[in-house]
Amino acid sequence: MSLFLIAALPFIGALLPGLMIQAGRNTCSTWTGIISLSALIGLLVHAPAVLRGEVITASVEWMPALGLNASFYLDGLGLLFGTLILGIGCLIILYARFYLSTKDPMGNFYTYLLLFQGAMVGIVLSDNILLLLVFWELTSLSSFLLIGYWKHLPEGRQGARMALTVTGMGGLALIGGMLMLGNIAGTYELTELLEKRDLIQADPLYVPALLLILLGAFTKSAQFPFHFWLPRAMAAPTPVSAYLHSATMVKAGLFLMARLYPVMSGTAEWFWIVTLAGLITMVMGALIGIFQNDLKGLLAYSTVSHLGLITMLLGFSTEAAVIGAVFHIINHATFKASLFMTAGIVDHEAHTRDITRLGGLRHLMPITFIISAVASLSMAGIPPFNGFLSKEMMLEAAAHTYLGDNHWLVPALATLGALFSVAYSFRLLIHTWFGPVRDDYPHKPHDPPFGMWLSPAFLAILVVMIGLFSQALVGGLVDATAASVMGNGAHPHAHLKLWHGVTPALYMSGIAVLGGLVLLALYRPANGLWHAVPRPDAKVIFDGVVGAVSSAAAWITGTLHDGKLTRYAAIFFVFAVLASWHAFTGGQGVTTPREPMQADIIPIIAWFALIVGTGVTVFYHRHRLLALVVLGIIGVVISLSFNYLSAPDLALTQLSVEVVTIVLLLLALNFLPEFSPRESSTARRARDLIIAGGVGVAVAALAYTVMLTDFAMPSIAEYHLANSYKLGGGDNVVNVILVDFRGFDTFGEITVLGIAALIIYGVTEGLLGSKVRLSLLERTPNHPVAGDEHPLMMVVATRLLLPIAIMVGVYIFLRGHNDPGGGFVAGLVVAIALLMQYMASGYDWADQRQRYPYHATIASGVIIAAITGIGAFFNNMPFLTSDYGYFQFPPLEKFELATAMGFDLGVFLAVVGAVMLTLESLSRLAYRRGDVPDEYPMDINPSRLPKSEDH
Amino acid sequence: MLRRIFPHPYLTALLTLVWMLLDNTAGPGVIIVGLILGIFIPIITAAYWPDRPVLKHPIKIAAYVLIVLYDIVKSNIDVALIVLFKSNAARKPAWVTIPLDLKTPEAITVLAGTITMTPGTVTADVSAQGSALLVHCLDAPDPDAVRDDIKSRYEARLKEIFE
Amino acid sequence: MVVEIIIAACLVIAGFFGLVGSIGLIKLNHPMARLHAPTKATTLGVGGVLIASVIYSFAFEEQGSLHELLITLFLFITAPITANFISKAYLHRHELEEELPEPNGDTNWATLERPEWSPEPEKTQEG
Amino acid sequence: MSHWIITPILLPTLLGAFIVLSVRHQVALQRVFSLVGLSLLLINALGLFVYAQTGDIWVYELGAWPAPFGIVIMLDRLSALMVLLTAVLAMCVMLYAIGSDWDKRGKHFHALFQFQLMGVIGAFMTGDAFNLFVFFEILLIASYGLMTFGGGTRRLQAGTQYVIYNLLGSTLFLFALGTLYNVTGTLNMADMAARIAVLEPEHTALLRVGVVMALMVFAVKAAILPLHFWLPESYAAGPAPVAALFAIMTKVGAYAILRMFTLAFPQDSPEIAGSYDVWLLPVIVISLAVGMIGILGAKSLSKMVAFAAIGSVGTLLIAIALFTPEATAAAIYYVVHSTLATAALFLIVDLVVSRRPQWQDTIREDRPMPQNGLVAAFYFAAAIAMAGMPPLSGFLGKLLILDAAVGNWWLWGAILISSLIAIMGFGRAGSLVFWKGYGLPETDAPAYEHPRQPLAFVAIGALMAGIVAMTVLAGPMHRFAIATAEQLYDTDAYISAVINHTMEESMAHEKEGSSYAPVDKDLIQTEGGERGTDHPQEATDGHEGESH
Amino acid sequence: MIISYALDFAFICFGLGLLLTLYRVIFAPGVGDRVLALDTMVINAIAILVLQGIQQGTEIFFEAAMIVAMLGFVGTVAYARFMLRGNIIE
Amino acid sequence: MTIEFLVASAIGVLTAAGIYLILRFRTFPVILGTSFLSYAVNIYLFSSGRLIVGAPPVLQGYGDYTYSDPLPQALVLTAIVIGFGMTAVVLMIALAAYLSGGHDKIDMQDDDASEDRA
């Protein structure tokens, strides 16, 4: 079967359980089983070839430019792990079928399980280290789901998050390390990369890469000091623990070390780091394990310890050590998985895993007892079980290992580790199974159904068989695996047998067993001592760190983003000025500035008015109406200045916009408080003044420089001046730029205006549709309200002004192309004329006489502008290409018609519509309960009075 | 019929004039365009000027305008003198009620406007039923004289023109 | 030459009245009194300038122009309304019931006839 | 000549206007028109995308005015990609808005939506600096309407802040444009680039100020610290579909930086070196950190996603600010991913909000919501994508960026550590919101009722599918990204595409005078540069007749 | 020539007028006076615009002057209406 | 006193005023501030075309006429219009926020932040 298929099967299969669960639990589990079984078979098909030393590969490009490819290869190492993952996987699936209660959603469970299985298979088959990273992180994610499977258990959720955090951290470190490695080697393909040992170890990046990779491996394999997450993960359902924490995920770290062994090992750094980490983990894990009362807790720490053992062996970097490591991987997987499962059975039957509440179970559940006993003895390293063989190898290897020039420390500690493991193994065996039958079990236990003990039984048999016929059963596999671990064309050969004669290892073993039993005999005082001695609990430390990080994060986020716009804005201004100033000082200013113009009296007066007006507005700003009145000055002065400085169009626009803006502000102010309270402290005001002043000075300086600098190169505006009439058909260059040269800007500009009006309308509608409406209807004005809502004189005046104003609008519109003016100003003039009507005769009266909905006016404005532009398509010209011609109907003089006028008409309509819709919306807010639409345009009209009979 | 084309004949004339002023030329084309607009615009804005007044004696408008212009010039001089040379204490400001015979809003407005533009008087308000104007005098030793002067000099003429 | 003198005269007169108007704004001691000065003087002030401009255009530019008259027209239509509103505001914001004359038999002056839903004026009102 | 380059801008504009004009009262019809319009837009964008693959740059001179005197619309690989991305995103978001009835909660949703698209697409396609400003304003003002859509105190107050902060940005933009025009005398981006390249040193001071101001403007859009403050509150308070659509808005800023600073303001050019390169990367790294920290520190899911958006853009900008072709390629791959993932997350959060009437998106337990499993699954997938965990495109993008940043180990540290914080944050929020509820004691209160909203899930599914597609097709996408990056750094091609266009135009009209060659300022002749129309003769001799 | 002297005189008069009105806008007992002053200021502005037109011998300022005349009025009325009724469109 | 100095200083003062008002606590002054800021930037943009008196860019026919730079004027026109639209919108939104929130503070208040999403 293709390696792709093997890796893909579990992922594809992950969809099935979800679908199958409707068909019942058996169907669901069966299908899941079939999937991993077929993957296993597909893998084992390649076994013979691999054992012959061949390497099966399969590859397809994914991101070749990056060097990330979906390339797989199968060698001894891959075969070993693949078999463990898939084989034990099948057993777990069977076991879980009976373990999970009917309340648990089995579909999800098997989905997660298969996802995890696929990720693991992916890791061990990857030929590309980036691909390996992908699968690596996938195991973290899927194990997060598996560990948190029981959502209702807080331990489950916390355990899951802890595992995710720790392995996630490792994963990220690993990403770094792998990328470095790949960059050193110039390839991410393992098969090529593993050839480059010397290149890699010579590179300065070797050490950082090594550290990062080991960080990844250690976190995954729960090596000291990252061991603490593993026991917490025991909140997971037992099948998960049995699978992840005996055979697979925790072994991924070992796999990684083994995989990269050919290029990473053999250096002092490797030896020291790996060996010490392993050694410490082994001893410490075993020691802690002894005093665990939770069956799974004990097993978890024992797993930690055994992983340490294997790590240490890899650290030794000798052939014998590697063989030992490989062999122990197999053995540990078998006995530990079956132990987890039996622990699960006990839990399942007795409803507790607490060793202190158990004991004497051997009479009640003999089958489970036998399985557990075999596995425990193997774990203790008692012959003839397989655990014994690999432990001997470990001790043997340890016996010949020097730490620096110290030759006794490693053997001693190794023996100590073995001693501890004997202790906890026997504690498990004796305290759970032996002793008298108790009558206070939470639930009366008895042997489970066949299906549930089948899997552990099968593994127990393996434990025995491998113990007895190791060479025959796994010799070849071990050799092949060791070969691919050693790499560099090594051909290690394992001599797996029970009796090696009297070796140092045998003595150490003996000491370990005896010492272990003695320690167990002294369990009670030892336990007392253990709990008496204070020691740092990594879990507490971890939680402390995570807690601190989280609250720090919350604090930073909260204080930085507390919704204080005043601060945000201050930061904005300061940053903008500093950055600009820094940029300015970095460059060169002009050496020959322009000649400035002398100002005569009027400009100076205007300037004075502007400065004073501005100052006063700021000074009075809390008295809002006053501020608005003074603001009027500034508008007027600025428009006059534009006019004076040869920008009549600007003057017109500024002025008309100014008026409408003022009207808007007044309309809004009608609802707002009329005074702003004095809220800012003096210090605060001083700060603001400094910021404002600083920015002001900077901007003034910039503007001054700008005005006294000549263009570095001729401005494109010269073209506009030269061609405005010749090609644009207009004398008012500004207008021609607006409707022709840069008509697209104007097109956007009127859209903006239209959108603004739509928004204002929408917000108003929203308010009137909400609870705000009531308060609006009931609101009492800030001030006494004068009589005479629609004064006679005003009404009459506007009656005359409206047509005249429209006339003016038309004029300004038509002349815009050649004189100051144009669609925009015309639109504003007409809009303001209409506004006068509204102000004089009231909203209702005027609105009833308004035939064209303003929405439509806006839209048609935009559309007309667009259509005029699209018209150009028909003489095969780009959007907005204008055309014009001169026409004559006697007796009229020759006059010009330009498509630009159509465009300008669009502008005109959009402006009128936008302004009016805006004012309309705002004035609709002012409705008070009891308002009736005005019947007459003016409140007082003698000609309406009954007493007046004439005409 | 004619009404519908020329809702406001005088307005049309005025607008045409405005157009010529705007265009600053008096060619036939300009007049035609002005006329077109002068007819068109009143039609679309007709709704905003309901029950428009009928001018009884439009000719008398000219006379009225001339009188007012003369008064304005005169008033400016008076006011200037008051502003420059008369102490605030010496001034005798006064509120005057001008009872109205006029009924047409347009007429009343013109009267009020005239008052405001002419010697030391400002139309401050209308009475609640529109039977009188409230006028403020900058310096009026004899308020009644002011009232009679206004009624005879302006209101009478406006009455002729509008009603 | 004569034209120039006329133009100059117009300008001088205009300037004079314009200034007087603004001075009135400062000198006169009562809001209603202040209201008189600008609404008049500035009209003649601006009027003068406009007339000057008209004559000037006929005298010195290739094409004479009358359109300044439009501005005058606007001012004549609008100035009284402005004055009316400002005095209304004054009447409204200051308690004058006693010093105002009787409104010729009507219930009250329009501005002072507040709608029933209007809040009562609080004394000492900063306009 | 072909006009398909302008239609992506015109279509939404006209559609928006049309909706306002004729169907502003019938939401059902608005939906129909929106979807039809978006489909057309999608096709249009696809066509342009395919065209861009040829590698040549399409210059469209509006009004037939020769560049740099008129405004040009440009299409190259990058703009084509961004337009396509916008269209895809818009379609998904619109489906969600319809599926969740968001568009019924106020007035003019569809019109504003279309105008928003007009602004975004215009910003991606314009070749003129001031026109870019105009389109920025269009997309901003539309966003003001969308952000406050549906009202509500918090949204309106956040909206006020959002508008005001962006007004500051717009003001700064005008300062920048004024300064740049003052120095270079042009507004066309390509022309500006050409002119800056031959600028005498005595003008560099002002130039640098303009450049840095422009950068800050784009930084506001892209939400780079310390100019990002507008983002969290407004994205969190705004309607979810809008926030999702806004996923593209931060990218507009990123795009603008990528465009202008590869083309016209390269950090290694002597005129500009040292003006911003000294602080840009550090600042970006800080905003990356703040964003990722926010994921862990946020109190509500929507805030969390808002910060995720900041972090994601931070990651993106690291790649951009390296200004190397590899890094840019990485950025181009990542920008697509980031947009889709952010949008998906915002929509998923809205699913949660609408299904938890009591606690909404507060990060705490609540009774399991309707469709908890499905929503949780979506969340898990989107979070993986956002945090840059395998196997989704986020991881691949991150790999690309790290690979392009080899040597800048501090950037590696920043990216990797911040990812860890993000993972912690997402994990925490997910287990609290989706899992912890199962631990609550049973209550006899009736379970929350909520419509199933299949269309909403389809919309999110489509976004996720996009992410999966990016993962599976990573190879081709990356190839495209590389090609795009190469095109970006081949600035001569871009400039000459604009200028030569002008040349051809003027060749065709030799009679009107010599041609305009902006690159060499001595050649500038303002009489030249005839536009492409044949004018009626009056155009030229009519002037004397009209003469004033 | 004489006209230019007259022009300068007028300029100065209206300029001073501008300053006086400015003073009144800033220092006044009430908002009404300020509005009045603002209105006067606008009228002075019109005059100055026309004077500029004469000085530069151009008609280009006409539109501006006309618009100022029209719109200044609207502004003033709006302020006054606000003081009278609070709501300027009702 | 040169025109350039007057204009530059005016820009500076307007900017300073705008910024000071934007740093206030209530929406109304802040909006006034943005208006000031847009005055300032409009004049700045305008001045980037350099200042000329009495040479509006309205063609008098060809010859040795000088004209002020029309391009910045066109840009400022666009900017003014857009600025107006923006002012109107922010005013409306701020008003709506005040009407539904009961206060016109520009900074988020904690009780607002805690309010549920609509």
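For clarity, chains are labelled A, B, C, D, E and F in written order, and residue numbers in each chain start from 1.
In this text, a contact is a pair of C-beta atoms (placed from the backbone, for glycine too) under 8 Å apart; a residue touches a chain by one contact, two chains touch by 3 or more.
Keep in mind that what you see is a predicted model, and the values were worked out from it rather than measured.
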### Query
Among the chains, which has its CA centre at the largest distance from chain A's?
B
### Summary
By Cα-centroid distance to the whole-protein Cα centroid, the innermost chain is D
### Query
Using the average of all C-alpha atoms in each chain as its centre, how far is it in Å between chain A and chain E?
60
### Centre-of-Cα separation between chain F and chain C, whole angstrom
32
### Message
Need the CA-centroid distance for the pair chain C / chain E, whole Å please.
### Response
11
### Summary
Taking each chain's centre as the mean of its CA atoms, chain E sits from chain F at a distance in Å of 23
### Query
Which residue numbers or ranges of chain B touch two or more of the other chains?
18, 22-24, 100, 112-113, 123, 125-131
#### Entry: Overlap residues in chain A, where contacts from two or more other chains coincide
563, 565, 569, 573, 644, 648, 669, 699, 702, 706, 715-717, 720-721, 725, 731, 741-742, 745, 749, 752, 755-756, 759, 763, 766-767, 770, 781, 783, 785-789, 791, 793-794, 797, 800-801, 804, 808, 819-820, 922, 940
### Message
Which positions in chain E are in touch with at least two other chains?
### Response
11-12, 18, 31, 35, 59-60, 66, 70, 72, 77, 81, 83-84
### Summary
In their shared complex, chain E is touched by residues of chain A numbered 601-602, 605-606, 608-609, 612-613, 616, 625-626, 628-630, 632-633, 636, 639-640, 643-644, 648, 651-652, 655-656, 658-659, 662-663, 666-667, 669-670, 781-783, 785-786, 789, 794, 801, 805, 808, 812, 819-821, 825, 829, 832, 835-836, 838-839, 842-843, 919, 922-923, 926
### Message
So in the complex, the part of chain C that touches chain E is made up of which residues?
### Response
4-5, 7-9, 11-12, 14-16, 18-19, 21-23, 25-26, 31, 34-35, 38, 42-43, 45-46, 49-50, 52-53, 56-57, 60-61, 65, 67-68, 70-71, 74-75, 78, 81-82, 85-86, 88-90, 92-93, 111, 126-127
### Task
Flag every residue of chain A that touches chain F in the complex, lowest number first.
562-566, 569-570, 573, 594, 596-599, 603-604, 607, 610-611, 614-615, 617-618, 621-622, 624, 627, 631, 634, 638, 641-642, 644-650, 653-654, 657, 660-661, 664-665, 668-669, 671-673, 676-677, 679-680, 688-689, 691-693, 695-697, 699-704, 706-708, 710, 715-717, 720-721, 724-725, 731-734, 737-738, 741-742, 745-746, 749-750, 752-753, 755-757, 759-760, 763-764, 766-767, 770-772, 775-776, 818-820, 824, 914, 918, 921-922, 925
### List of chain E residues in touch with chain C within their complex
1-3, 5-7, 9-14, 16-18, 20-21, 23-24, 29-33, 35-37, 39-40, 43-44, 46-47, 50-51, 53-54, 57, 59, 62, 65-66, 69-70, 72-73, 76-77, 80-81, 83-84
### Query
Within the complex, which stretch of chain B touches chain A?
11, 14-15, 18-19, 22-23, 27-29, 32-33, 37-38, 41-42, 44-45, 47-51, 54, 100, 102-106, 108-109, 112-113, 123, 125-131, 163
